[in-house]
Structure formats: structure tokens, C-alpha cells
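Each chain carries a letter (A, B, C and D) given by its place in the written order, and its residues are counted from 1.
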Amino acid sequence: MNKIKAGIINVTGYAGVELARILWQHPDVELVSVTGRSAAGKKLGEVFPHLAVTGLTITAELEGKIDVAFSAMAHKASAEGIVPLLNKGIRVVDISADFRLKEAAWYPLWYDFDHPAPELLKKAIFGLPELHRALIKNADLVANPGCYPTSAILALAPLVQLGLVEPDLIVDSKSGVSGAGRTLTLPTHFSEASDNVRAYGLGGHRHLPEIQQELTLLDATKSVSVTFVPHVVPMTRGIESTCYAKVKPGKLSGGKEELDKIYYDFYRDEPYTKVVQQPPESKHTLGSNLCLVYPAINQKTGRVVVISCIDNLVKGAAGQAVQNMNIMFGLPETSGLEALPLYP
Amino acid sequence: MNKIKAGIINVTGYAGVELARILWQHPDVELVSVTGRSAAGKKLGEVFPHLAVTGLTITAELEGKIDVAFSAMAHKASAEGIVPLLNKGIRVVDISADFRLKEAAWYPLWYDFDHPAPELLKKAIFGLPELHRALIKNADLVANPGCYPTSAILALAPLVQLGLVEPDLIVDSKSGVSGAGRTLTLPTHFSEASDNVRAYGLGGHRHLPEIQQELTLLDATKSVSVTFVPHVVPMTRGIESTCYAKVKPGKLSGGKEELDKIYYDFYRDEPYTKVVQQPPESKHTLGSNLCLVYPAINQKTGRVVVISCIDNLVKGAAGQAVQNMNIMFGLPETSGLEALPLYP
Amino acid sequence: MNKIKAGIINVTGYAGVELARILWQHPDVELVSVTGRSAAGKKLGEVFPHLAVTGLTITAELEGKIDVAFSAMAHKASAEGIVPLLNKGIRVVDISADFRLKEAAWYPLWYDFDHPAPELLKKAIFGLPELHRALIKNADLVANPGCYPTSAILALAPLVQLGLVEPDLIVDSKSGVSGAGRTLTLPTHFSEASDNVRAYGLGGHRHLPEIQQELTLLDATKSVSVTFVPHVVPMTRGIESTCYAKVKPGKLSGGKEELDKIYYDFYRDEPYTKVVQQPPESKHTLGSNLCLVYPAINQKTGRVVVISCIDNLVKGAAGQAVQNMNIMFGLPETSGLEALPLYP
Amino acid sequence: MNKIKAGIINVTGYAGVELARILWQHPDVELVSVTGRSAAGKKLGEVFPHLAVTGLTITAELEGKIDVAFSAMAHKASAEGIVPLLNKGIRVVDISADFRLKEAAWYPLWYDFDHPAPELLKKAIFGLPELHRALIKNADLVANPGCYPTSAILALAPLVQLGLVEPDLIVDSKSGVSGAGRTLTLPTHFSEASDNVRAYGLGGHRHLPEIQQELTLLDATKSVSVTFVPHVVPMTRGIESTCYAKVKPGKLSGGKEELDKIYYDFYRDEPYTKVVQQPPESKHTLGSNLCLVYPAINQKTGRVVVISCIDNLVKGAAGQAVQNMNIMFGLPETSGLEALPLYP
């Protein structure tokens, strides 16, 4: 079989460079072009020594024939850059948030720009394979989910879809610092981020509408309300989300056993979302495409707590993007994504 | 004035050694005796090089005349060891959990032992100065609060006491690894704890009844229910607690402004609990006795989120113990506790 | 081709579990048996969640037909356990130090035991492919080098073999904490190891005779003297060694250019030891089998400084063991070891 | 006694803010003015929450009557800013490198600028109290040593002054990331610096001439040659320097005992430089003004290894600056610097 020819737009951020690492090792893909503005003209290995072996050179624009482009551009720029690619017949996985929200009106509210291609919002598929696999298969444009939304939606989807809990949900997420990207900021300066836990986005984090939208789609009553507080903790990779919900009267009377069965059934055939028997640790996913989910219930208080862990740069970004690509191109869904977590 | 003569029982844990550091530098205290079983006979500076300057020797039992003893023993052993001290007229601050819970029946449930001195449970004062200052003043036995409860109770007390929120509360805490103590365990092994977030105690952490008890005392309806999930994050010191509550109908219509005023008023004269204008970071308390509190409200969802940060070994243990001692002995409450946080 | 059947003795340490991760993903190997004393009877995934997918069960002894055994036992036990395997015709890669030193007399001196199989010391091959590839090919017993020696010897070998520097060498190494293994100790307790640099082994670290032996073999004058000071720094994986030597009179007058050429030539065809153009960082090797080497020279002071970086658990242990196995069994040397470093 | 009135120029870097923390708590000092360009007009507590209690406002220029100014400006700017202060009779402790080197010609070479006040280089005193206490006493301008030089010079001074070792010295230093300051850079970005060891300055670090100058002053033969390689390790504070020297023929035949005696005698009356009996760890100095020194000798190889540890922001910057101020103003040398290290 001919290899799929892939390009990465803006390879120089952490999602971009992780895409390069995964795609380079992908048995069914040829990584033919990587772009980056400030670094154009440099060897990829000059900027990222761990990728020296690729021999690739960073260019200003995608070069050569491409079957699929991964856009790791900033929001707004990504939407603008993707339209011409689609017009050329190149299928696109967008790592940015530009096609994740269905409502064009949400972009000025949450991202401070008017969407340049609102007609594409309906066509774009939200690339969470666990929920939208069938649609991803034929999509020309997949909006790769955010890292926090991936962990939150996968933790809560079974509860919401089956109407087991009150729709007033709480997501408390803890992320490694790489989630904030490679751009220099004071909060990501080592001496500030080390030995520190920092809550942020209390006024409304941009990933909130994404979580809200996807859970609402699953909710029969369309009344989901999410309180989402992200935190940064002193590690490079990983997200742990602890999600809280109130059991609806009369539901889940079977307790932990019933809850487990529901989760195992929901994710039975998933290659990457795994229901586990102990609270998972973020480290158990390091470098892998796994999402580990653990549901718990306290029948006295009527509370369900669901914990999920992912590597924010893999299942939370580049790995999930490749999983989407595999589905789009009819490859085995796990192709290029078999790496076991690195431990310790 | 004569200095107060203090002793530390079981100086060799992290709370004990932090007590030694603070008491050694306390202008009104003479640290006369420190004990430790396995290390008895050794110089304190041999086990803890940073305390070499004290010249103290670790003994098996408290020696010399003591006005106040700090017990940093494990639970059960602490209760047993404290009784004879009280009988000798020595006032005691107990760092263990042995006198925190009012109900003797809770000890077999939560700590797996029958309380050896249940009659003292009523006499012991829960040493959270912000709530019980007047009683601490005359107490012979102060039960120093746990680290998580300190952060959780101080975050939620104003809301509960004023009946502003539904009594169904959620506390999501993130702690540095030192909270697990100096005893060697696999989860506190560096290679396991680094680059990791780990939720635990989902079946019910021992600090839960303590939080529940104190908030119930404040709650007019006596119906408080707390869901508490502690997490360990890869840093040595610090706790950040993010607490979630639902506003009662008709309450807090004044929004953030009203909420702030309530918190500022509640903690107006407190030397260590400070209401801040930005979400606090755990690092902002490092090495100090501060508790930083930040309340937020989302009027659309009717959710209050309160964040609090402490240094788990200072305000969460040794510092608060010294604050209690200061109150007990009529010293300025801040004596020996003036150190500003270490930053960065 | 039939897959090679491999077994791991003592899978429960960090080297053992890393071997399991690599061998499980190796295209030419079937991992058929893993042993561990205390964990015998448990599923591998129960002890190490990241390996749940393997479905393997830990047994007390190797089971099934095995072509090659990797021993990750402690020293002494390893030597004792390996002899019967060799007698059965199983080829062995020993991760312990038991066959690294050529002189039986060194074992009581450095490891406090009398070697149980001194006759095998001459037959065992020191498994540093860069120096002993031809001998490894036909070896039945390969002594996998220590992590520090791998980094030190690869940094200094070209200088010593070509007689360019005085034989009085200094190796200053910085290691991640995982190098100390999974056994619980106070120095590897998170709260002790974090925010800390700790030199140790000043009286003579056990890896010193190994470094000394291999460099002496390369030195025409047989007069090598090594000063080796290892340090532990607060990270999980990685070793950086900074090595210092004095240029011999009349040598290296061509400066950096000459030095670079010597190093590039020496390691020209090596798949994993790469001479780089900037001082390497330990992170650039994370999870990979790479050893990055950078030589520098100051012609005014006559000093050569060579820096090398490895992942202590891959090129410093399990990865190199698999590289040795590949050579022993005539497989492509890079088989199963192609993973690019994980970054960031 | 009247308190000494102190000002800090450029309080917004890590050395500046650490000065503010120490001076604010100093019993004999009133911190009256703190400056900072970009933050002028803001409350100090707005930029640095841990200093909110000071109530100070950052101004563009020093305000009020000042007895002593601490300059934490960048090099060149510091020299330019200090001259007018001296002319006004204000005594100055300069944290920058601008008056550390005695030779004006070294500034263009090492710092890329022509020194604006070369005549002051001879008057300025290198503020290492252990070597220059008597001169500091009467100095109007003290050049506070660099962090690496403090650790290196204190480790090697006894050996060099007594002519015990060959003057060909090696200093291998490991520093926490805060040594690189608060300015944002890629190598100090959390995701790059975590889990990493990075050597740098191989072409000649700016602290080298400072080490060389001070050791040469101590050396009777004036022939000191230093090879200095600094490394950054993933912790916020602390420096560990491992220094290597060759024993001169006929010297130190008394071995470790003789060496210890020499070091104890050399630092006998020092309040902060302490000779210790076990290799010190950087963590043992956290937040304190201590320098811990440990000398070792291998009589077979003729090598001396000396290890020293400091907190780079205290003894390596702000603490030493205050120690110098104490000497200059006839205060007890330990005033305001009594804080024991924070542990763990």
C-alpha cells in the first residue's frame, strides 16, 4: 500500500513536535513536510535535537503532495489557513479550537475573533473517536478536541448519555505545564511553576464551551451545566480530571458494581479508553494514547466521582489527531500509536 | 519574661522537625527536649543537618521541666502518651488526629482503634484559631487540625456559617508529597511521585470526618455533607483546595462584590488567613503560616468556588501548632511565625 | 522467522520493567515469562498498570522454552541464578554487575561477596557494543554495563584509545533518581530528593572499577586513573556525565576541529552513539537508546571536556541489553529500539 | 539605635525580591524604597504576593533618605546607576558583576561593554566576608560575588592559599534554575528545564574570571588555572559545586584528618561557612545563608575533591549582600540572617 503523505503546519509548538515524533514512526505514513514561521529554513533537528534523525527541513509553507495536513497553528490563523487546503482536496485534522464549536457566535465570545468560515463549522467533525467514530471516517475536516475536554468528556459521557446524574457537573482538572505550550510566559517559567499548584480560568476557561457542547449533545434534557476549574501542577505532561456529579433519584441503586458495568460496556471496544479498577495516575499514561477512566460512587451522599487520566500531548492532542487520521484513511485505528507508557 | 519551655515528642517526622525549626527560632520559647524512638541518643543535627546549630540531642522520653509539649506521634500512640503529660500539668498541642474528633465512636471507624481517653475528647479544643480562639486560650489540650481540614474549613466556613450555600459541599485538594510524611512508601518514592498526579482516599479519607464535624458545627441546619477527594502532586510542600458549593436560592444576589465583603469581614482581624484578590498559588505560602483564600461566584450556574492555599507543614501542622501555643500562653499570636514566604 | 523467546528474571525493578516494556514491543521477540519473588502470582498489569496490555503473569521461576534470559536480579543472586541457565543452553544478558569485572578478586572488594563462578568472568563479554560488538555476537553471557560506566566510557573512549590525554581522568556524573532503583530508601523519598543535588560515593562508587577496567583496556600505557563522583538530581530518568582530561603535550593542536573529527570517526557507524554539535541535554535522550556525546577543548588551559547524555534505564540498562540481544541473535541492531526520545 | 535605611534598585528580579524579603525582616533595617522600571507605580504585593504585607510601592527611582542601596540591576546599567549614589554619600552593595573584576579590560571581553567607572574597580571590595571582611568594613562600594564564585571560591580557598594542590583546578557546578533569573527564556521554560540536566558556558562562563581572580589572589605562585562547567538541574534554588584538584607532591600526607583540620581551622569563626562531616546536599541550605563545605581526599590517586553547597539566592546573592551590609554598618554579622534552612 502506498503510504499516506502527511504535513504538519506549525511544527514548532509542543503539539506540532509531538505530531512529528508520532508520524515519523508511523508505519503507514510518510511525513513529507513540516512548516514553521520563525524557524523556516532550519533543520527540524536543529530546533528539536530529538528529531535530528528525520532529516526534515522546516519550510514556510507546506511542500510536496499531501494527503492529510495537521494544523497546529494558533486559533484564527488555523481557520484561515485550513480553508485553502480543503479547497485543494487535502483532508485536515485541526489541532486548534477553530472548528470545535458548532456555533459561530461562540468564537467572538470565547476566542475574540469572528469566525472566517462559519459554514464549515457544521461540516467539521469533533474528533473524539469514542463518540463520533462513524462521522470521522468520512470527514474532510476533523476538529481535534482540546486536552481538558478529552479527559472531561470521556469521564462523564456514560453518566450523561444514560441520564444517571443531575446535569449540574463539576470538572476539576490538573494539568502538566506543557499544556500551556512552548510560548514563554511567567507562569510557565520554571522557578514559578515548580513547587506550585495554580488554579486559573475561574472566569471561564476556553475549553468550557467545548465540554458543555459535547455533553449537551449526549444529554436528553439538553440542560447540562458544567463548572470547570483547571489547575497547573509541576510536571511536564499529563492531565488528571476529577469529575463530580449527583446521582438522580432512583438511579444507580446497584452502586459501584452497576456503575462499573455501565462504564465497561460503554468503552468495551475502545482501543484507548480503558476503565480501570484502581484510581489511575497521570503517569500511567505517559507518552501513550491511553485514557484511563475510574468511576466511584458514594451511595450515602449520592455522589459519583469519576477520575480520568491522559497524556495531554498524546490522547490530549497529537495522538488523538493521529487516531483520527487512522480512522479517516481506513487504517487500523491503533497504527503508529502502539507505544506503551513510559514508566517510571 | 521567662521563656516558655517546650518539648517535642517524636521530632523525627516532618511535622516534628518543622516544629523544631520554628520553636528554635521562637523569641519567647526555649526548646528544651526532643524525643524520637529509633533516633534516641543521636544529635538532632546528625539526623537533620539543617538543625545542627541547635545542639540538641534526641532522647527517648521528654527530659527537664516542660511547660508545653507538642506531640507529633502517630495516632493512638499520641493519645496514650498525652494522658500522663496532662496529669503532670503539662499543656499539650497534639499534632496527631487523636483528639480532633468529638465522637469516640468515630475512632474505631476511621482510625481502627478504640480511643483510650474518650473523656478527654470533649475537653480537647480543635485548634483552628479562626474558629475557636477563645476556647484555645484556656485549653490544656489542643487538637491541632489536619492539613487538608485546615485548608477546607477555612475556605468554606463563611459560606456555611452564614447559610449561603446548599450544604452539599465538594472539596478537591492537591497536596505536596511531604503531607504523606517521612515514612517510606512506594507512592512517595521519587520516581513514582514525580511527573504524576494521583487521587486517593476515594473510599473516605480520614480527614473527611474532621471537615464534616467542623462545618456541621457552623451550619444551623446541621446537614452538611462533604465529598472530599485529596490528590498528591509532585511538589514537596503546599496544599491547594478548590471547594465547590451551590448558592441557596435568593442568596448572594450581590455577586462577587457581596461575596468578597463577606469573606473580608469574616477574616478581617486574622493574622494569617488572608482573603486575596487573585486566585492564590500554593507557592505563595511556602514556609509561612499563611492561609490565602479566594472566593469566586458564577451567577449563571449558581456555583461558588473557593480556593485556599497553605503550606501543609506550617499552617497545616507545625506553624498552626505554634499559633495555638501562642494563644494558650498569652503571647502575641504571631510570635515566632513572622517569616515571609520563600519565593521563588 | 521464528520469534526469539525471551524471559526476564526479576521484572519488578525499574530495569526489569523497562525490559518488559521494550521486549513486549519488539517485533522479533516473544516475551514468554517474567519472574519476581514477592509479586509471584500477580498479573504484571496489577503491579505495573502501564503493562496491563501484556496479560503476563509474574511467576517465581522462568517458565516455558526460553532462548534468552535477561537477569535483573541483585548482584550475587544474579551470578548464582545465571549458571544453571547457561548450563541449559540459554543465552543470558545480565543487567547486574556480576560479570562485568574481569578480576574475581574485585568482587569481595567492591561488592562484598566471593564470586560463585569466577571461571565465567573471562567468558562473559562486557556488553558495550561500541567497543565489543564482535565478541558480543557469539557470546553466551553478556554483562550489560552499568549506567554511569556507559556514559563515562563512551565519552572518554576515543581520547584514551588514541592516547591524546593524560590518563588522569575525572568523571562528574548527574543521574536521575530512578538509577537508585525501586527499593525504598530515604534519599529516594520524594521530599528528600526533590529540590536537591546530592553527591555520593566519594569513598569509591561501585561503578568506578568498571570504568577503570574498560578505559585501561583501551589505554596503551595501562595507567588510567579515574576520579568518579556521581550525583543525584531531581528528575526521574537521565544521566549527564561531564568528563575532564588534560591534553598530552603536542596532541590535539588542531583544536575543536580535530577533536570533532576524531569523535565523528570513532562513532561514525554507531546507531545509538551520536556526536552532536551542541552540548547535549539529558532530556534529549528520554525513553530512547541514544547516547549523545559532545567534546570540547580549551587550548589555553589544555583541557578537554566531554559531555555525554543517556537515558539511564534505556541505553544505561534495558535498551542496551536489548541492543546486545539483537547482536547476539543476528537481528538488526536497532530492532525494537527505534523509539525517538519523548519531548518535552 | 536608629535603623539603617535601605533601598533596593530593581526589586523585580529574583535577587531583588529576595533582598526585599530579607531586609523587611531585618531587625536593624528599615526598607524605605524599592525601584523597578516596568513595574513602577504598582504595589510590591501586586507583583509579588508574598510581599503584600510590606505595603511598599515600586517607584521608578529611589525615594527618601537612604543609607545603603542594593543594586540588583543588570550589568552596565548597574555601574552607571551606582556612581551618582556614591557621589551622594550612599554606600552601595552591588549585586551585579560590574565591580567584581579588578581589570577594566576584562569587561569588554567578558561582558561586552566598556566600563564606565574604571577608577572605582580598585576601590570596590569583593564582598566575600570569609576572605575580605576587614576591607568590607570600611568599603563604600561592595561588589557582591556571583553565586557560582561564592560556592567555588569557598570550596577551594584553603587549598590554594596553603599551596597544597596543583593550581590546575576544576569546578563542576550544578545550579537550580532561579540562578538564570526571572527573565523568560526557552531553557528556563518549565517543560524544557524539568527532567533535564544541561551543561552550558563551555566556551567560558562569565563567572570564570571572578573565580580565577580571587583564587589567584590567594595563590603564592599566581598561576591558577580554572576549568569551570556550570550545569542547570531541575530545582528552583541551590548550588552544589564539586571541585577537583591534584595534591602537590609531599603535601597532605596526613590524609583526610589533616585535610579536615585545615578546613576547620580556615573557617573556624565563620558564622555561615561550615565544614561538615558528610557530603552536604543543596537542600540543606534552602532559604538560609549557609555555605556547607566538605573536603575529601584519595591518597592513591592524589586527588582532592571538595564539595560545597549554598542557596544561590541567599549566600549566593541577597543573603551575602545583607551579610556585607551588616559588616559595613557594624551590625552583628548574622543580623537578619538567622533563618534556619527550610526542610524538607
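Note that a contact is a pair of C-beta atoms (placed from the backbone, for glycine too) under 8 Å apart; a residue touches a chain by one contact, two chains touch by 3 or more.
All values derive from a computational prediction rather than experimental measurement.
Could you work out which chain's C-alpha centre is the most distant one from the centre of subunit C?
B
What whole-number Å value describes the gap between the mean CA coordinates of subunit B and subunit D?
Centre separation, subunit B to subunit D: 37 Å.
Averaging only over C-alpha atoms, locate the centres of subunit B and subunit C and give their separation in whole Å.
46
Based only on mean CA positions, could you tell me how far subunit A sits from subunit B in angstrom?
That pair's centroid distance is 38 Å.
Using the touch rule from the top of the page, what residues of subunit D touch 2 or more other chains?
Counting only residues that touch two or more other chains, subunit D contributes 14, 176, 178, 182, 191, 194-195, 234-237, 281, 286, 344.
Building nodes from the protein chains and edges from chain pairs that touch, which of line, ring, star, complete or other describes the result?
The chain contacts form a complete graph, every chain touching every other.
Spell out the part of subunit B that touches subunit A in their complex, as residue ranges.
Going by the criterion above, the answer is residues 168, 170, 172, 174, 176, 191-192, 194-200, 202-204, 225, 227, 229, 231, 233-238, 240, 242, 244, 246, 279, 281-283, 286, 296, 298, 301, 303, 305, 307, 309, 344.
Using the touch definition from the top, list the residues of subunit A that touch subunit D in their complex.
Checking each residue of subunit A against subunit D gives 14, 176-178, 182, 184-186, 188-191, 193-195, 234-236.
Could you list, by residue number, the parts of subunit A that touch subunit C in their complex?
Within the complex, subunit A touches subunit C at residues 14, 17-18, 21, 24-25, 48-53, 178, 182, 194-195, 236-237, 274, 276, 278, 280-281, 284-288, 292, 338-344.
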